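Following: one structure in structure tokens, then a few remarks.
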Amino acid sequence: MILYVISVGLSVTMGLMGFINLAHGVFAMAGGFLLSTAMSALGMPFPVALVAAALSVAALSVVLERLLYSRLYAAGELAQVLFSIGLIFVSVAVARLIYGNLAAPIFLPDYLRGQLHFMGRDFPTYRVFLIAFSALIIFSLWFGVERTRWGAMVRAAVDNRGMAQSVGINTRVLFMATFALGSGLAGLGGALGADILPVQWGYPFEHLVYFLIVVAVGGLGSLRGPFVAALLIGVADTACKYWIPEFGAFLVYAATIGILLWRPMGLFGVRA
Amino acid sequence: MSGYSANTRIRWTEWLPWVAAGAFFFVLPEYLSLGARILIFILFALSLDLILGYAGIVTLGHSAFFGLGAYTAGILSAKLGVHDPFIGLAAAAAMSAALGLVTGAVILRTRALTLLMLTLAITAILLEIANKATRLTGGADGLSGVQVSPILGLFRFDLYGKTAFLYCLVALFAGWWVVRRIIYSPYGAMLTGIRDNATRMHAIGAPVYWRLVLIYTVSATMAGVAGALLTQVNQFVGLNVLGLEPSGDILVMLILGGVGRLYGAFVGPVVYLIAQDYLAKQYPEYWYFGIGVLLIVVVLFARGGVLGIVDQLRNKWLSHSKPKSSAKASAR
Amino acid sequence: MALALQTEKLCKSFGALTVADNIDFRLEAGARHALIGPNGAGKTTFVNMLTGALAPTSGRILMSDQEITKTSQAARVKLGLGRTFQITTLFRSLPVLDNVALAIAERQGVAKRMWKAASRHQEIKDEGMDLLGVLGLADDAASAAQDLPYGKQRLLEIAVTLGLKPKVLLLDEPAAGVPSHDSGKVLQQLEKLSSDIAVLIIEHDMDLVFRFAQRITVLVQGQVLVEGTPHEIAGDKRVRDVYLGEATHG
């Protein structure tokens, strides 16, 4: 589910702006680090720190977008790939400089630790919280995109940027805002998931493949797609590692290849 | 630079790399292992340039072929006891060619992000396999015990790396010659046509898909040979020849040097590997930072890499000293 | 006499939207045929189906009595079908000579060779230069295609297609976007085309159409409204109502 929250932002960014942003994991990592710092160094309580982390990441992304990303919108696939790799390198180095080699420690508040009793089974409280929270995010996203005017504009711009501009939609601001949302979500996801996916300097590299798989399989520009894909991948990965440990992540990759060949646009892909 | 209007005579500047290599051999014998490494990566970069710079295929999975070649040569020697270096190269070439053909045929029907993803997935799968098949590949510890018999029965691999360096140099020369021929051939012109405007290519009756599969296979073969060379020279192969990292590295090297212009593949690895050898050991955190910044700067301002900058400087100089000379004459 | 190109009941629908409705079309060998119709009539879709870029929903396409409905784009080119695009589609960063040479090399089967240098293939270069000369582009041979003025780019596109030595030539708005003093040059070149080639042009420039075409087909909303000689078409009231009425404005 963490995968979903992080990746849905990527789906929107890539689908909306047509920008291949491999550095998305950077925002997730930043979220995780900021959460950790906020809580330990600044003593903020968990929920506040979470919000603060997400917002800071969003703000950071806006800065990056204005300064750097926006120059490359028309630059072509190779340039975007290279740029985002460069960005990963830079942030990885910065992370290592600031935080050293260890994973960022996360101290969950007491009310989120332990287990919940439900239907005779024990569930780790935090995981339940995560699932619930993700569901909330998914719902608000769906609501926001499907129902509101903003959502309609985003969808219009995804479909046809030129047309949207001539209808008077300020695509520059729209892109900036959407990028901020996507990255903020990544930051949120990274922060939320920091307990499960430890945040340390190699984070964007390690998980890049998974983020990309979720987005590519789910389909660019769609919201449901990455949800389904993240679900599938999470389940498949766990199942595979449990039942046939010799194969490890093999199944996930093979499945990705299979799905992409069958549906090159992803399961719910919106555009070419 | 290629195509029907090009001049194919070997310019004197094209001999410089070989002269430099020869000089390196005599002047800096302590650095021959670094030198061999550079040569290998130049070969790897050349193979990538064929498909990236000329055919326009963006891939993050080229390490799959490099790694497959490396492991083939390693397994052949360490597990199957076949130590002849040329057989190792041939086997690596055959395996990579096969993988290149099969994967190319499958993925070249897709484009852009899907293609990129598939290339990543393929190299990730190979990495997983290498990681898990410990009996065959040595897993995370890598495969040691690779021995290489004397080349042609005469030249042993000495401790100083002399034989290794010359071995790689000859291989690189052969690879360079093949690539140069292809680039200047009608096939090479056709590839730049595909890169420039694939729709037009289809409209003049070119079976684009098959042409791409062919060059992809050729490129994979070369990458495989480069990988095998690495194993033979180091007498070891580890997991770091597969996965995202070497693919990313070689992409960066090529971009630094300049894509789509043959000699970018020479300049890039030289700059990158020498810098890495010096800087990454001294200041490892700053290495990533520096490379990242450099990459961003190159993408934003100097798309053509080092050679692109050289070209621009040369044009400026030429147009200053000869006011009447047309920009067309000095441009490629 | 075999028809150069023919369609029988050609249909294309995108879901509920029908863009081509039972089109029966005949292109005689050596014809000078024009396809006209208001915007959105489905003319480019029709051409895309003829060239194989788009698959029809139903119906047949034949070339010299040979069915090509399922044949690939590349194979149709080999059979002698060439086309130009409404939006100039050239190898923009390549020299003008290379643009033509690539087409000639494809035709001669040289394009797939990897050994001898391209620039040593003198026959191809010579043929290319000849072709450029015919179209008045010989002086521009070394310039990049994108550096040419637009009118010359349109001519270059025709040259590239001629390099394929097509038997059937489909020209999608060859004069589109060309400044009016240059469109005369385009017409000149069209008139020079060999009588072996069957030519179908899609055009909005009525001047060009009436001077060039011997037969005209009028397409409206995916259906053939009427077909005949320029004289018949000019006199047909339906056509005037639907289309020519608009053209007199522009």
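Every chain is named by a letter (A, B and C) in the order it is written, and numbering of its residues begins at 1.
By definition in this document, a residue touches a chain if its C-beta (ideal position, glycine included) is under 8 Å from a C-beta of that chain, and two chains touch if they have at least 3 such contacts.
None of these values were measured; they are calculated from a predicted model.
J.: For the protein chains shown, what form does their contact graph take: line, ring, star, complete or other?
T.: The chain contacts form an open line.
J.: Name the chain whose C-alpha centroid is most distant from the C-alpha centroid of chain A.
T.: C
J.: By C-alpha centroids, what is the most central chain here?
T.: B
J.: When the C-alpha atoms of chain A and chain B are each averaged to a single point, how far apart are the two points in Å?
T.: Between these chains, centre-to-centre, one finds 33 Å.
J.: Where the centres are mean C-alpha positions, what is the separation of chain A from chain C, in Å?
T.: That gives a centre separation of 48 Å.
J.: Could you state the distance in Å from the CA-based centre of chain B to that of chain C?
T.: Computed from C-alpha means, the inter-chain centre distance equals 42 Å.
J.: Chain C: which residues touch two or more other chains?
T.: none
J.: Could you pull out which chain A residues touch chain B in their complex?
T.: It comes out as residues 14, 20, 68, 71-72, 75, 77-79, 81-83, 85-94, 96-97, 205, 208-209, 212-213, 216, 220, 246-250, 253-254, 256-257, 260-261, 264-266.
J.: Considering the complex alone, what residue numbers of chain C touch chain B?
T.: Result: residues 51, 53, 72-78, 82-83, 85, 89-95, 97-98, 101-103, 105-107, 110-121, 124-125, 128, 141-143, 160-161, 163-164 of chain C touch chain B.
J.: Within the complex, which stretch of chain B touches chain A?
T.: For this pair, the touching residues of chain B are 52, 58, 60, 106-107, 109-114, 116-118, 120-122, 124-125, 128-129, 131-132, 244-245, 248, 251-252, 255, 259, 285-296, 298-300, 303.
J.: What does chain B use to touch chain C in their complex?
T.: Contacts found on chain B: 2-8, 181-182, 184-190, 192-193, 196-197, 199-208, 211, 328.
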